[in-house]
Amino acid sequence: MTFTAKDKASILVEALPYIQEFYGKTIVIKYGGNAMINDELKEKVMQDVALMKYVGIRPVIVHGGGPEITGFLKKVGKQSSFVAGLRVTDAETVEIAEMVLDGKVNSEIVNLLNHRGVRAVGLSGKDAGLIQARKKLATVYEGDTSRKVDIGYVGEVEQVNTSILEDLLDQDYVPVIAPIGVGQDGESYNINADYVAAEIAGALQAEKLLLLTDIEGIYRDFHDKDTFISTLHLPEARAYIRDGVIAGGMIPKVEACLTALDKGAGKTHIIDGRLDHSIILEIFTSKGIGTQVVR
Amino acid sequence: MTFTAKDKASILVEALPYIQEFYGKTIVIKYGGNAMINDELKEKVMQDVALMKYVGIRPVIVHGGGPEITGFLKKVGKQSSFVAGLRVTDAETVEIAEMVLDGKVNSEIVNLLNHRGVRAVGLSGKDAGLIQARKKLATVYEGDTSRKVDIGYVGEVEQVNTSILEDLLDQDYVPVIAPIGVGQDGESYNINADYVAAEIAGALQAEKLLLLTDIEGIYRDFHDKDTFISTLHLPEARAYIRDGVIAGGMIPKVEACLTALDKGAGKTHIIDGRLDHSIILEIFTSKGIGTQVVR
Amino acid sequence: MTFTAKDKASILVEALPYIQEFYGKTIVIKYGGNAMINDELKEKVMQDVALMKYVGIRPVIVHGGGPEITGFLKKVGKQSSFVAGLRVTDAETVEIAEMVLDGKVNSEIVNLLNHRGVRAVGLSGKDAGLIQARKKLATVYEGDTSRKVDIGYVGEVEQVNTSILEDLLDQDYVPVIAPIGVGQDGESYNINADYVAAEIAGALQAEKLLLLTDIEGIYRDFHDKDTFISTLHLPEARAYIRDGVIAGGMIPKVEACLTALDKGAGKTHIIDGRLDHSIILEIFTSKGIGTQVVR
Amino acid sequence: MTFTAKDKASILVEALPYIQEFYGKTIVIKYGGNAMINDELKEKVMQDVALMKYVGIRPVIVHGGGPEITGFLKKVGKQSSFVAGLRVTDAETVEIAEMVLDGKVNSEIVNLLNHRGVRAVGLSGKDAGLIQARKKLATVYEGDTSRKVDIGYVGEVEQVNTSILEDLLDQDYVPVIAPIGVGQDGESYNINADYVAAEIAGALQAEKLLLLTDIEGIYRDFHDKDTFISTLHLPEARAYIRDGVIAGGMIPKVEACLTALDKGAGKTHIIDGRLDHSIILEIFTSKGIGTQVVR
Amino acid sequence: MTFTAKDKASILVEALPYIQEFYGKTIVIKYGGNAMINDELKEKVMQDVALMKYVGIRPVIVHGGGPEITGFLKKVGKQSSFVAGLRVTDAETVEIAEMVLDGKVNSEIVNLLNHRGVRAVGLSGKDAGLIQARKKLATVYEGDTSRKVDIGYVGEVEQVNTSILEDLLDQDYVPVIAPIGVGQDGESYNINADYVAAEIAGALQAEKLLLLTDIEGIYRDFHDKDTFISTLHLPEARAYIRDGVIAGGMIPKVEACLTALDKGAGKTHIIDGRLDHSIILEIFTSKGIGTQVVR
Amino acid sequence: MTFTAKDKASILVEALPYIQEFYGKTIVIKYGGNAMINDELKEKVMQDVALMKYVGIRPVIVHGGGPEITGFLKKVGKQSSFVAGLRVTDAETVEIAEMVLDGKVNSEIVNLLNHRGVRAVGLSGKDAGLIQARKKLATVYEGDTSRKVDIGYVGEVEQVNTSILEDLLDQDYVPVIAPIGVGQDGESYNINADYVAAEIAGALQAEKLLLLTDIEGIYRDFHDKDTFISTLHLPEARAYIRDGVIAGGMIPKVEACLTALDKGAGKTHIIDGRLDHSIILEIFTSKGIGTQVVR
């Protein structure tokens, strides 16, 4: 389909109220899934971030990188064992995870953004002490009981030190963050990127947190497309998790939304990163996409 | 025609290179003709200016108002005589012109912009001594000879004092300027708005001057649509005026472009203000519209 | 009478304590009456404002223009009807009022100040949304009952948005304000200039509000010069209005003072604009002039 | 003679052009002679400086203190010998001179200004290395020959380090400077205050240097009041010194003016400090007083 | 003893934690006693202050000068009488005290610091109204009763106006303060320098107050070296004064500490100025020296 | 050996002139060799950098990482071939090099500095486009002729874009830079860290470039300790390279020094990183260590 110049002009104008609304606001994007693997989608995410920057938004990117870590562990012939679905992460594993996340995935995103005229700066949780972390134990359920198991250098966020983010944002850089935290003794922790994005959105009092996922959003019944949920409020979301309506891979996404809202983010959105320009669709069009979790 | 969300997203992204190009740049718009009379077009110009502002451009508006002045003179029963096609402007006439331009046309534009969330401030050439003017004589041709005739308070720009414009632009206001200049003794002069826009574009070293007109642009032969000129260079433009290719109402437009370029503006554009969103079409799409006059 | 250089020096020095007292303070002047009609007085007011500016005061001018509006309405053959002494102001009338106030009276004051080396900028309530207004109904008394009558585009101040004033004052401009407000739908309202000045003095937390009038001040008994009141306190002023001691044209003046004080202005003064340099007399000499209304 | 309020107002207004002219300008005042001894005159100088400050001038005071030093040396029973009219200044003498100038005369001036609401700060040439000095030899003439004689800690200005002055002026303080310089090895030098004022006026590129003296100005013939010189140009001044028209105590005054002009001051004035408010008379009235030495 | 380069490096590194701790903090030093008389010690204090400045501390010096005043009074043959151990200070005495303190002692310290590359500025309590003072009466005990006696221009601090200190500190100057205060009528008061330092430390909310004394610190029993007190808390200190454990010359020192703590200083230290580099020892080494009085 | 507090104080004071000299200056450190492998030395380098930061120096770290890259390539079973002593660097190799340098070596240094209270931020040449690079061909000598050979993603610096460094330094961060450059098409290049440090020192107009090496400095004759060169001037250095006096591994070090000096660095130093606190020894002690290459 081709557009006339006139069509283009009206669409630009239609975006104006959204541009006004988010002018000067901070939006945190958890970047992961297909949008990070598929080259065409990747290209479109970069365009979206560049557009955000130019119309006055302050974007902050937090990325994952699970598949790339798995690929690299395989390459070095490192076997992984799993507990409760989580990879046991010994010292060598976390070192490789950090190398892959910070030295490969992060660098590539930074590079792509710089190529689009946006001044991006890559950070990990170590830079200027950005993410203070602590060990997170896995929970193993056995019948009616559960117990906590140490699975190594898997962490959770203890504190976000936003000063480096604010300094960079104020000078018009786009921070790109690898989800590595640093512990009391300087040890590295691999942290779920959804949670890192949530904590950063909270700590920055961001206007929005956008989680790019590989699903369309949340369904009341996963098998019935008619049960799609556009908006989910905090109490409802908590109830759905408790009652098992929200389950499996959706749990960390929704929990990340709850955390971000609890700590001060404005709104949170679980969107389908497999769509072209899903970020722009969410921010600049009247309908929005995916499921929003709000207060 | 309706657009899918996806269409909209791609069009926004297509605008990105133009947004980057003009980020932080000053663009002077001469606003006049049908775009100022037709309510729908007016609305669209306001949207265009708001969009420019929000994507980081610094717009400056200079407006005309001939028809409104004529209307008001009629209302007060004031007869006008003409010399060489120019209205003889006595003290009462210039007073009414100033009232209409500054107290009506200017206020209305300011008001419309404020309603779109843009902080506009109306100025005339008197505010903070913005436009120093002097009397402009009319040239009357009689056979092979010509003579200069005093037609009253019709002026030309002597000097632009940009400090108030820079102070307002730096604080994110949109200046809207009525084409009234002030003489040595404090007397008012009515000045052709095209020339005022040109002088201001030059004095501000603006990136672009856009003249909104009621024609599509310039033709080598007005009767032959195939002779449309997209780009005109300075020497060519001067030759065309000398040789009569450019004539009549086009002369002041092209002269304004030449003046702006001579005094430091980057590019100048004669565009068709009768088109919806002509400003956005010119700035944000690859083809541009109308005739550009460049160095 | 001629002064020796020595005389002049001592008088300058005598002004020192007043200069110190008002250094850096904002003073709002309601400019109107004879001081705006008589050319010699006008000249002196301009000198006074220039002096204020140069000794470190931040003056803000609000002007009226009733007689000029009346004159112009007559010129265009517009008949006015009156309700409760107020002009019924239809759309055409308010348009003319705005043209006269903003495009003629305001421009002229700005021009005169610029000629004295002061950088003045003319504003109406529309610029940057300075004065949000709403319709004001007239009160018609019939025997013991009263009813409200819609007399068109006569307004009252709903809110003052001081940002443009502060930005201009901080950059050493003198704002000159025409008493036109803007309603919810962008419609213009003509507002009594005394009230506009009062609201602006309050919103700016001004040190003083000076109302230039055509009387010497307030008398307890208008026929007995010995009953002149130098200082009036808030409760007293309210009582005098209630009891009819203050009546007629004095009511809006005193009400303006009360409003300014209620909203945060420091002191208010009703002074005789028919005196040469009445502003300087009030500010820089030990005795002050006119009637001050204070907390 | 008493003035009406009206008189006062016109005189204030008459000063306006002078206030405009010197707004934001630096004026260096050499304060000494009778104006520093007579309590009434002293009071008036302080008022003048306060007025200057409040109307936007940046005054800098350099003071002398010869008579006070002499008085104190007498008190401690210190005998002085003289060479070529200059006091031989041994280590004890310069120590006492510094104590008197910095610890007494300077403190008193600072104190008087602070009492008038001006924030004055006392400095000597030692503070932040303000005045780098070197020894100045006396010239003894014997018949047709002359020789240089070491008379101890009498100095001349080598370099003025204006940073502390600029920092204080920018923060609205009035610097008051005692004419003590500091040598390479940290030793103190007593320097002629006229020269110190001249060097500081030059280094600050001051608008004016005012030297308060005990004479009316310069006469071509000291005995003939009709030969008073209002304006003296550089070459003329040099010729008059060479030819002995300017002689005796006038030489250092005129030389100070020449130095200040050579180093970048705008104008210099030798004025009669015995007149009430001589500073104000010079700056704020049309006639000026005394003799000006200009380029 | 000689150090290898390696030794030096480790010692510099050992100081690092102390440098970090005091970076950007204000430390007030009461400079007096032997450290001000002995040339070698004096040199070392100056080095210490320079070092403080360069490692990011904001030092403020308050000096005494009793012995120098006494010496000078003797020189001018001025007899002093004493009441309750305090010198009766008539007008002539306070004038000499001010000259000595401000014009000699202060200037010399400023000069020594400037010679070490530190930009020092000398102040007395008169500069910019730094120290507002009032008369302090002496208390004479006669048997069980006491009475207050006027001993002239001996003062106590009424108020510290820190603006000049903050302006100078923010611009990287080191203020050096002579303990002269100024009364309501502009009269000078000689004030105990310990108290001045305490009030200034309080007013600046200084991190530390260091009092350089001629003793090692405080002993519970002056004759028994084993009773040395390293740390004294506020209530304890008050009890010791009440019970006479702290007596004689120690009282004003400890009272100064209490005043500083009460008004907002962080910690106070009574240290032995007779030790080489006592300031550095206190600040940059783990042990500290002398007695600290803390909350 | 133990030091008394007094010893410590004198050593701190001895460092004062060096602290003054480098206050506010930028010093670039190429960190590599043993100082990066040996844990104890590593710890000492971190202390040295922290000390530099706290005494007002602006340190910038550029690190190498050859041995770590080699180790990792071995781990993944990647075979390397060599041309002219340089590793042929295919796409997979440069990806691993980047991961190791940016995601492991860089992160670790950043982490160690943060643990010492210094706010360090890791960068690679990709961040904000810091290092623009281009392919560097290897030179293969065959008899008398030489030819250029493409060995893949080995690069040289084309341009340094210092804005991110200046923004971080101005906000008191310590930049730590991995020697990865980015080409026209976004491809990564591995660059010799000595050259990167040199280019950055030049681009920042750094006061000093310190190259930490595993030798004591430069000898005229490597076998004769008596031929040690303390200072080498530019022309001499060039001659020594040409004549083979400087050969082998010393060539890139000296070339780096020459490049830094050519591009604007003040001085350059080749120092022995195997010594404890070699950085502090070079900067803060009178003797300096190693070989300095100067203009």
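Just so it is clear, A, B, C, D, E and F label the chains in written order, and each chain counts residues from 1 on its own.
In this text, a residue touches a chain if its C-beta (ideal position, glycine included) is under 8 Å from a C-beta of that chain, and two chains touch if they have at least 3 such contacts.
Quantities reported herein were computed from a predicted structural model and do not represent experimental measurements.
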| item | value |
| --- | --- |
| Starting at subunit B, fewest touch steps before arriving at subunit E | 3 |
| Interface sides of subunit B and subunit C: same vs different residues, half threshold | same |
| Whole-Å separation of chain centres (CA-atom averages), subunit D against subunit E | 36 |
| Euclidean distance of C-alpha centroids - subunit A vs subunit B, Å | 47 |
| Between subunit C and subunit E, centroid-to-centroid distance (C-alpha), Å | 57 |
| Residue list for subunit C, restricted to those that touch at least two other chains | none |
| Topology of the chain contact graph, where touching chains are joined (line, ring, star, complete, other) | ring |
| Interfacial residue positions of subunit F with respect to subunit E in the complex | 1, 3, 5-16, 19-20, 23, 44, 47-48, 50-51, 54-56, 116-117, 275-277, 280-281, 284-285, 287, 289 |
| Residues of subunit B that touch subunit C when the two form their complex | 75-77, 95, 98-104, 106-107, 110-112, 114-115, 119-124, 126-129, 163-164, 167, 171, 173, 180, 182, 186, 188 |
